[in-house]
Structures are given as C-alpha cells and as structure tokens.
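Residue numbering begins at 1 within each chain, and the chains themselves are lettered A, B and C in the order written.
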C-alpha cells in the first residue's frame, strides 16, 4: 500500500489536516483512526462552546466533528477506522485491523494527529485504597454521553479544568449530587463561563488550594478526604474534610500521546510533552508533520483546526516539492512563558507565523515581548493572561530576517 | 439591590456589580459585558445539552441541545422532558426532537447523525 | 467427596493444586474472593530470589533455592512471563561490604549457584546508571523476575484442565472432622467434604488453622507499598537491585518487571489488622527517600500506579509446612518472602507429605503439563498476520498502551477459570496495565465481558465483590 499522505488520527486535527492537504491538490490521502468512527474526543463532548472561530457559530462537540467529517466524506480521502498503528519506521507505517490484518503502509508524507490522554491517579500519586468508582473525567464522559450509563450518585471532582467543570454540570443534570470540585492551585484552570454555568448554577462548591489526600472504600468508593494545601502545595494538617461519595472524577491534566513519535525517534519538547515542530508543523524528521493535541494541549478546538490546516497545507507543499529550507530561528521561553509552539521558525518565505503559548500562572497587564538578545522585535499588550487559556501572537518572518541568534518570548509588566 | 456576578462573555472575567433597581452595571470593560450583566441578573438563560434515549442505533443515546437559550430556572424541568423522550435511529444532525420546549419557543434538536446499528 | 481440599488460591495453594492434579486424586481449591491470586500474591515484588538470604538449614533456604531452579521450566510450560535477569545486592560502605561477604557465605552454604562478590567497577559495568556512591555488590545470576498473578492463574487453569476443581467466593467459616472426613463449612453454599485439607490461606492461615487445631502460630500482616513506573523507565536498569540490609532496615528494591515496567518499593509497616489500608503519602515518601541511595534520579512523574500488599509474617522464624496435630490437616503457612520463589518446591513436598500420611496418589498418565497463551504484542508481523486471518478479533486492539487485542481478552474470559471482572481480565492479559490505566480500554473490556458472560453492562464489576462500576442507565 502506498499513499502520498497518511494522517494518523481521525479527530479534529487529523480531519482538518487531511482535508487541507486534499484541497491543496494531494489526492491519495489516508486517515487511520483507532476508534470505530471519526471525530475523536469531540464525539463525547456534547456540550456547546465549540466553533466560534472556525464556523462563526456556537456548536456542540459532535456538531463540530460532523462538519469536519462530512468534508472528508465528500472528498476522495480514504479512511480506515478500527485500525491501530503499531509503529512508524522511516516512512513505513505498521498498522493492524480485523479486516486488512497486518499492514505495512508506505507514505510519502505523514501527519501525526494522535491527540492526548488523561493523567491518571498514578501520575499524581493519590494515596489510599483502590476501590471502583474512580474515573478520569473523560472516561466518565464517554460512559455517560455515548454509552448511556451513569457512573455514580454522589460525586467529588478533583481538578477544576474545563473538563472537570463540564462533567460537574453533566453529572448534576443527570441526577447525581456533585458535592465538591477540588483544585490544588489557588485559581481555577477553567474558563470563568464554566465556573458560572457549571458550578454556580448548580450550587457546587469549588475548593481552591485543596487536594484529595485519602481514598477509602474496599469494593466501591465510600469517601474521600480533602485537605487544604500550603503555598508549596503540601497538605496542611488539621484541615481534613471528609466527603462521603461513591465517585471521584479526576480532571488533572492531559498529556500529548507520543508513544509512536518516541519510537519513531522524533524529537520531543519536555515543556509540552509534545513534538518539536517548525512553523510548517514539520517535526525533526523531514516529511513528518504534526498538529493538534499531540503537539500541545489546546484550549479550543478552533485553534486545533487552524494548526491542522497549517500542517496539511505544508505537507502538500512538501509533497509538491516546493518547500525550501533556510535559516532557522529557535523560539526560547522566558519569564512567565511555559511553552511556545512552534519551537522553530524557518525563514525561507515571507509569511506570517502564529505562535501559540501558555503562561505559568495568572498575569494581569503584561506585555508579551519578543526579543533577540536585547533587541525588541515585537511586543503585544495583554490585559489578562490565564494558564488555562492559550495565548497567541503573530510574527512575520521579515521581522526575524535581520536578527542574529534565537528569539526569546517573555512577559514584562506593561506600563 | 446590588448583585455581584462574574462576566462570562470573554476570558477576562470582569467582576460586575449590577444594580437591579436602576438597571445599571459597573465593573465591566466593554459594552457586551454591560448587556450580559443586566440579562444575567434579570432573565438568565442557558442552552441545555444532554442525551435522549435512542433505539436501534449504534449507540443507545443521542446527543441533543436546545437550539437556543431557555430561562435558567427551567434547566431541570427541561431535563425531565428530555429524560422522557425516546427516538429511533436513523437520526440526522439538526433533526427536531421536540418542538417548542416548555413553551419557550426553542426546539430540542439532535446534535449528530446516527446510523441504524 | 474430595481427596484433598486446599483452602486459598494464592501462589501456594495454586502450586499445590496443580501439583496434585498430576495424580489420580480428586482435588478442589477454594478461595473466599471472586478470583485466584487476590491476596498477597497480587501485590508483591514479583521476584524469584536466588536464595542467599534465608539462614542455612531453614525451610526457607531449602525451598527457595530448590524452587528458584524450577521456575524456568514451569513458566515455559505454562506460558507465563519469566526472566532470569540476575540480582545485585548493593553495598554503600565498609559495613555493607562486610555484610555482603556474610550473605555470600550464607548463599554458598545454601548452595546458590554462581554467586559472586563484585567490586565497584564491576557493578557499574553491569548497571551504569547506579548511584556513584556504590562500593560493591553481591551478584546472584539465578535471581529472576516473574508475573506472580499470571503464574497463579495459569497454575489454577492448568489444574482445572487436568481435572481439578476451582471454587471462588467460597469462604471457609468452620471445619469439622467426622471420622477421617473433614467437613468445610462455607459462608455460602453446600459444605465441602474431603479426606485431607491443605491450609494455604495466606494472611488468614492462622484463622483457618484454629478452626480445627489448637492455636500454634499467629499471622501478622506487614504492609508493603510500591511505585509502578511507565515502560519508558523500565530500561534504566537490567538487574533486580537490592540494598544491603543494615540497622536502618532492609532498604527498598528497584527492579524491571517482566513486562518492562520499573517497580520501586516496598515500604515496610507492621499492621494490627489484616485489612489493607492502601498506600499512604508517608509510605510513598519513604520509598522515594530510600530508593535515592540506589538510583539518584528516578522520574516519579512517570509513575503509572501505586499499590500496596500485605505480607503474611508468622510469629515463627520459618515457613510452616507440616501436618498438624489433627491428622490429615496440613499447614502451608507463614509464607513471607521468599514464599513466591519457594512455591513450586513447597508444592512438591506438600504432595510428598500427603502421600506419606496415606494419600493414595497414582500418577495421571494423561497429565497435560502445557498451556499456551497468545500475547499479540510479542508476535512477529508474520505471526500477527496469520493470527488475524484465522480470527479477525486479534486485529482489533482494545488496549492501546499494552497492545492487547479483543481476541486475547475473549480468550482470557473463555479459558478454564476464566476472568469474570475487568481487573480479572487485566491480570490475565494486561489491558489497563499501561500508562492510561484503563481510561480508554476499561469500558470496552467491560463491554466484552458483558457480551461473553451474557450479563448486562451494569453487572460487570471492576474487581472484588462490591466494586461495581456503573450505577445504571442514564435514560
């Protein structure tokens, strides 16, 4: 089997990347998806709030997914669902499914769009028993929204990121008693809209600077112990609160899923746990591109689509032999910036480059300053910067052509 | 009476103070915030998303939404209605599942297509 | 009426069970839980010790060295993961080096093969990532790692294939003897009658002993807590690394597992009650602190799971393997470390004891010693292709992290003594053992269990009785 382009992952990133490459003249495209249908995690995100940038209207996850899927379905892009990629060697993709068996697929270009997975109890070392009733928020979401099963009656949620908040409302609407949302940090990691509409609307208390320090239950979960934490995030003795509950949902972060990338020898960024890419979304291996949550965890799917279109367009350019290499500038992260994607910028063309980044804590009245040594290249005023929210700035390659060295992106107090 | 709320229009999350008697807002930094503040205090509305029972599909439930916002106090009433509905596959995205939900003038619609299972 | 009833389906009970099915005797193994390997067997260091540690002349020394030599063939026959990776006991100062010398001499007396004392350079050659503070080590090439619950389940299954019976959710609550026949009363269901009883009840062996015998020993629970790290960390060491025991304690071990993960632990805490209270921040903190001595940089961010287990420490210094004052009632108790390593040898001797006290046991001519289990991830591309052609269910990967197929899951359910719970499937063929901890595959495993066992989804449980996953349908 040979394809011009193989896209691994049929979620929003893979769908948009494949379609964009197709639109740019690449005809032999294959999407490989491990689930039984396309759409990825959007299929279980039945709440609304998607698509304001991409479709200029407010959609639910499945609606956003279906619009992306429909485009692909009316193209000549081929799709293999229920198919698992086992490994990638050079440009050969080893994959299996029940119909074709073991396949070795040759691709002239590859786009990686495997998405991310949830951090688990083990990753955050929650002590206690190991009863049933402890779910990652996403797993519970799938049970409830797609499989039609309820996972519990009395619920505590650890983590106030948007998934945790959304699930608090979902559980409440479906008749569960959500007793508390617990957040380790002194601020929530969710959008204020979700705090209001998912917690306040349902009288669900949010405990900031708290964490779960014990889990009790021999068969099913019976209760959790919650403690306040100090500024070093260490539990404070004497602040124990007991919540009787049969369910603990964990919404404690997402990790780009890069086992395939690691085995293929691609370079990763320890800051994002994702791949290192340049402004064309190309990874450290020529002809292998990446986009979406496999690169860094996005806040809005709209940005995933935008990034994926960029990857698809550049994969097409690569396949048409029109991509060129010139001087490359590395993007370094300074004060307040956790990570930046892309990590590398190639200056071969005069183009605009959108840089996505996250900040390390809430900041107010700042400037995002782009510098090379002491020379300021650009700066962007920002009233509010929250860690939950991706920031983006646009640079032009023209601005970078004259500089001597790498660029540093940092926050500075605005005047 | 002054009601304190958080603006949800954009991520800035301005802390608004709404004077219910005078119908005025302070603390906002844009016009949309002012409009939101009044509406949220006088007649708050929400879009409800959930699932209804589906027969004969590849999944046992179908995701649905109200295709407009409904008064917030009707959230659980709307859920009661949703929980009684049963539809048959196939369904197309946008199909009206229930018309004029609780006399709000808003319909309940399917948010995805599901084939026969 | 049975010839032999074994109480407890942990590694000891299961080994004795399978050994007995080599003979023409009617044997049953009972367990109070809903599966085999639910006690100490499922939560330990998964090590086959070489045998230099137990004091010369003890039962522990005898069975450990003998048992460890039986593992390779046993695991090959039963298709159980096993690897002789060798172990190192590390010394960090002169006192340690003295103790290592004594361990070496003790090992020689126990007839452990291949023991060698290594100097610093030799140790670092074997394990370059070790802490630079290491001074030397005792090297035991016969030390090995094994999948303890896989082995126990395989032993039970092979015993059932060879005509033995396995009964779960069968808690023994009383034992009486009428003439030469024991009557084991169960919490639920008909009592079990048998001519001989083997008490392999692990943590509860004292309780079972006291049901019919005069009290002669006590079992005290000792808790051990562990970290299981992602496979990304499994390759940082090759050998099982012990710290030389000193006055501060036995230290913690760091070892690769047979599946390529890294295991760090255990803590050690004596408890009053035989009820596992799970892992504690204190215990985990202690492990991190102690493990530093061996490897300075362990990436605990790569932790995928913590677990704790209770070890059965008797108030005697040795294993208890003997016929009691009540004729026909045999204890196989007090199986602290190296119980797992000793199990295959203990099984042989328990059968010998039974024969000595009158069990007529003719070897079974058609005994089938082998059992085969397909592990998709370990097959070559050609083998994978052929397998999928025969059965497309082997082409559907359910667990992404461990690459476990639907075919393997169905097989684990349909085998004799097959899985009935999500974790039962996990212990047999590993879906959910990986870095996502079942987040993706848990519901799908549950679905397959429901389908194969013809149960509603809500009736499929996670693990022990009472561990329900779902509370009902949303609509």
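The rule is short, and it goes like this: contacts are C-beta pairs under 8 Å (C-beta built on N, C-alpha and C of every residue); 3 or more make two chains touch, one makes a residue touch a chain.
Remember, it's a predicted structure, so these values are computed and weren't measured experimentally.
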Closest chain to the protein's overall Cα mean, using per-chain Cα means, please. A
Among the chains in this structure, which pair is joined by the largest number of C-beta pairs in contact? A-C
Indicate the whole-number Å distance between the mean C-alpha point of chain B and the mean C-alpha point of chain C. 53
Whole-Å distance, chain A centre to chain B centre, using C-alpha means? 26
Whole-Å gap between the CA centroids of chain A and chain C: 39
Set of chain C residues in contact with two or more other chains: 473-475
In chain B, the residues touching two or more other chains are 51, 53, 60-61
Listed in rising order, chain A residues that touch 2 or more other chains are 144, 147-148, 174
Within the complex, which stretch of chain B touches chain C? 51-53, 60-61, 83, 86
Given the complex, residues on chain A that touch chain B span 36, 43, 46-48, 58-60, 62-63, 65-66, 144-148, 173-174, 191-193, 195-197, 201, 383-384, 386, 389
For the chain C and chain A complex, residues of the former touching the latter: 228, 232, 275-281, 284, 300-301, 303-307, 381, 384-385, 388-389, 392-397, 400-401, 403, 435-440, 442-443, 457-458, 461-475
Chain B partner, complex, touching residues on chain C are 473-475
Residue numbers on chain A that touch chain C, as the complex places them: 34, 82, 84, 86, 94, 96-102, 104, 117-118, 120-123, 125, 127-133, 136, 138-139, 142-144, 147-153, 174, 213-216, 218-220, 235, 246, 259, 262
